[in-house]
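In what comes next, chain A is part of two complexes: it sits with chain B in the first one and with chain C in the second one.
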Partner chain A sequence: MTTPDTSSEAVQIGTQTAISFEGVRKEFGSGVNATLAIEMVDLNIAEREFVSLIGPSGCGKSTLLRLAADLIEPSGGTVVVNDKTPRQARLDRDYGFIFQAPTLFDWRTVWKNVALPLEIMKISGMSSQKKEEEIERLLSMVGLDGFEGHHPYQLSGGMQQRVSLARALVFRPSILLMDEPFGALDEITRDRMNLELHRIWEETNTTILFVTHSIPEAVLLSNRVVVMTARPGRVQEIIPVDLPYPRTTEVEESTRYYELVTQVRESLSKAMVGDR
Partner chain B sequence: MTTADPALESGPEQLRQWNRHAGVVIPPLLVFIAAIALWELVIEAFDIQRFLLPRPSEIASLFVEDFGRLIRQGRNTLGVAGRGLLLGGGIGIALAAITFRTRWMAEGVGIYAAVLKAVPVISLAPLTVVWFGIEAGSKIATVAIATAPILFTYTLVGLRSADANAQELMRSYAAGHVRTFWNLHVPYALPLFFSGMKIAVTIAMIVAIISEYFGGSFENLGGYIRNEANNVHTVEVWTAIVMACLLGISQYMIVAGIDRYVLRWHPSKRGG
Partner chain C sequence: MSASAGPEVAAQFSTRERFLTEERAERLRSASGRITLILILVALFLGGWEFLKWATDAPRTTLPHFHEVVDYLFSINSQGDVVWLAIGRNLRLTFIEALSGLSVAIVAGFAAGTLMALSRWTGRGIMPFVIGAQTVPIVAIAPALVIWLGTGWETKALIAGFLAFFPIAVTTARGIGDVSQDSLDLMASYGASRTEVFFKLRLPSAMPYIFTGLEVAAAFSVIGAIVAELPVGSQDGIGVVILTSQQYFSLQPESLFAAIGGACLLGGAMVGMVRVIQLVVLRGYRAQELS
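On to the complex of A and B.
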């Protein structure tokens, strides 16, 4: 496992592999109607890393994420999550999955939505008082103090997605799998959410695999950006991001940031040309 | 204190709400009064005989006079309709809950539900009499046969309507079938379940009265209608019809009220 270079001492990337894909292939459907979504994907994500997957529509970014989550199974190759099969990792509740849609339960309040994983998992060794403190802490971390008793429909899209983020963090999974989580938000909200997510990542020991359509977002957030080709999806290039931490608006205005954005953009356009 | 008076604060809003309710209630009320007036007028103008069409005022006064008996008979009919609905609904809901995950099972049961909905169930009444006797048993069975397919279909579609991402979310939590059922599928099924219930309570009442009409005790609305109709006591028949209507409407409104309360979080119920 090669560890990417980071110019910061504040964020320590682990040496253990959190997620690995080896020669992974995924076909949807069968026979003549089969479509090859991804093939020959090799990718290692170290513990504590923040890796973005970027590529044209239909390049299988989400497919990779869903394979790691054991929501679908590979047609070939192996996926390993925390040294286990994805299925075992799912049963062990090793990861939290965040969808593009907030996917909140309309009939539950904000508080009860965040409490859902704890109710289902019946986590032992956590008193109900401790659970309540944890929910409270997370809601205030995502800036939703005072909205505990609201129902999802009373919140804006950005607030709903913050609830879903708190819900994914509440059972403290070691991995977050995020499928274009802020894709449906306006740009200002999105920027704020990105910085918030980055702060959470810096404060916790979470590994994040993040699917996005946005080049600036990918560069700003990640240690490494994985550029994928169009259908069938393959890894075109892996670009290490050597920006300092914490990633603030100042970093966003640095020359190095613009160079990296350009590098990713060029790689991405090569990936699109290769498709034709 | 004076400025923060909540009654004053909510005054205009309440007025608006009242206006909205009035807009819903007053037009049908006017139509009703006009229809009753027209009815009286037609009888007067064409000199229609009493046994063909009695005057509304006559029906009303006999209704008041016989109210005690009509309520007693209504209660018996309601009991049959209610027990039949409980039985039929229970079977329909249970079958939906068992089969909704497995396409071939749901379709296998679904075909028979569709057939039962197409069959005029009341034609089965003579059979249920043979099986369960002339009294309440056979009538409850007929109501059950009529309502089971309705609640099966509505509940099934409702249970299946759960959001795909939400199902994957539950899967990612490694939630078992039972937890996923109660936490996700049941809330998603509720709106359609209530739609089915609104239809089923009405059907249950209709089927109960008709099967009572076919035979058995006179101490219920259907039996009473049969007896009075045989003696050409048209006014008495009409009072029973009015009681049946009132019971049917109030049942429907109770279900609709529960629906509104339970699903106050649902997009179709809030706002407006």
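On to the complex of A and C.
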């Protein structure tokens, strides 16, 4: 492993905005049953940035992610993704969405699960041979060569989530929206997945918006950590993370890392108090 | 979730081969186990039959020996036919009736189930008819249908299909409708069309459900065809054989048991056929979904 400082310049955050939320509000239900999930959310995520969303349960982290993905529509305010409406960005396949559950199709093999987006998108200028090479490359990148013919139920939870990661990367989206992707995994697998994800982020030019419950995970992975308040969700604080790259286990043992974890934890407990 | 997922990657590669052979061995074990189980059940059945006859001291006109039924199968009947061939001919007709009915039921049931799952308003319109159809006592209206539509095989196929329709429609509706929101969101994130969502997500995930319904429907179609043959006026079919055998029971008790055995065989064959198709179509699906 190289020393952190030498390769810190490898990661360049862009100046363009990839995702922006402006005065975004989202209400679920209507009338007396309406619940306000998020309110007055202003947030800009730059191209090539890795931003974590953290907050108490029900603070609308996932709501924010789904708004960017056009899986739900805002009740107020505007969401812009790659200078487009979220709908246009969705139809242009600008983002890949990774769910907490791997959401693989049981009847498809690992290979065919990863190929699914390509089947639907009919990407022009990509020969079937090139597609096959890409799937092969991604499967070996996530450490699953040899498992192409397996079905999802024959794999462990960690392996399944890696298939889902390969599936999200196969059409090379410029943005990854990740909703607690490793939340259901045991700690050791989770740590390894985090480092893998970070490596992928460094290697590709991807913007990542990452929802998590875990403070150490948020600090380890991100350029910035966005702390949100409980219902209705608002942005409590945005904490920049000035840790060197690559983020290895050595970084995890540094003093600065602990300071940042503490800072996020304090901010988070303030956010919880605001709930009372 | 196992906590021992430490050197997962390294371990996975080395265990892969073993993983596959173990799976194969497991499949063999379960196949030979199943055959043993069937043999035991057959032995129990025959033993129970003979024990019952011995214990109750039943005369031949109540319960003949099993071997007497077998002997009868190879005898010549009053028309000069070998009995088992004659029963086979009747079974073939009932089979064609049941299979035709089942085929129609598959098409109609699948269409109705899909509509019920996907279109709220059409679904609500169809639902009362599906439920209504199921509450109609088929045994009661079969004679009326035979009077209206004649005693041809088409009438019997219709009744068989009528019975088979319901399980297919219900399981299709359930299966097509039962997909997780995450899966739908995933397809949406790819900008998938409704047709793509149907063929790449809803239909394949519904297949295990549909086959469960199909198995029940296969058994129902045989019952429907036999019931449809019972009303007076039918000439052939295993239902007619059962009816005639019952009339001559005191003279030739073996014939009724032979006919019943034939009907059971037909039902079993129908269900077995569906199972074999299922094994082929659902290759690669999770094993417990196949049971």
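Basically, the second predicted complex is superposed on the first by the 269 of 276 C-alpha atoms of A that agree within 3 Å, B and C clash if a C-alpha of one lies under 4 Å from a C-alpha of the other, contacts with A are read in each partner's own complex, and residues count from 1 in each chain.
The rule is short, and it goes like this: a residue touches a chain if its C-beta (ideal position, glycine included) is under 8 Å from a C-beta of that chain, and two chains touch if they have at least 3 such contacts.
These numbers were taken from a predicted model, which means no experiment stands behind them.
Peer 1: Overlay done on chain A, so just call it for chain B and chain C: clash or fit.
Peer 2: These partners clash in the superposed model.
Peer 1: Going by the contact rule set out at the top, does A:I188 touch chain B (first), chain C (second), both, or neither?
Peer 2: Only chain C; A:I188 stays clear of chain B.
Peer 1: Determine, under the contact definition given at the top, whether A:A69 touches first (chain B), second (chain C), both, or neither.
Peer 2: Once the two structures are laid over each other on A, A:A69 reaches both partners.
Peer 1: Pick one for A:P117: touches chain B only (first), chain C only (second), both, or neither.
Peer 2: A:P117 contacts both chain B and chain C.
Peer 1: Of the two partners chain B and chain C, indicate the one touching more residues belonging to chain A.
Peer 2: Here the partner covering more residues of chain A is C.
Peer 1: Is A:G146 touching anything from chain B or chain C once the two structures are fitted on A? First, second, both or neither.
Peer 2: A:G146 sits against chain C, while chain B stays out of touch.
Peer 1: Tell me the contact category for A:R256 with respect to chain B and chain C: first, second, both or neither.
Peer 2: Once the two structures are laid over each other on A, A:R256 reaches no partner at all.
Peer 1: In the superposed arrangement, does A:L91 touch chain B (first), chain C (second), both or neither?
Peer 2: A:L91: touches chain B and chain C.
Peer 1: Share the list of chain A residues that count as touching for chain B in one structure and for chain C in the other.
Peer 2: In chain A, positions 69, 71, 90-91, 93, 95-97, 99, 101, 103, 105-107, 116-117, 119-121, 151, 153 sit in both the chain B and chain C interfaces.
Peer 1: Can you list the chain A residues touching chain C in their complex?
Peer 2: Contacts found on chain A: 66, 69-71, 90-91, 93, 95-97, 99, 101, 103, 105-109, 116-117, 119-121, 143, 146-147, 151, 153-154, 156-159, 184-186, 188-189, 192.
Peer 1: Using the touch definition up top, name the residues of chain A that touch chain B in the complex.
Peer 2: Residues 69, 71, 90-93, 95-97, 99, 101, 103, 105-107, 116-117, 119-121, 151, 153 of chain A touch chain B in their complex.
Peer 1: Which residues, counting only chain C, touch chain A once they are in their complex?
Peer 2: Residues in contact with chain A: 1-3, 5-6, 8-9, 12-13, 16, 19, 180, 182-183, 185-192, 196, 200-201, 204-205, 207, 282, 284-286.
Peer 1: Which of the residues in chain B end up touching chain A in this complex?
Peer 2: 163, 165-166, 168-175, 179, 183-184, 187, 265-267, 270
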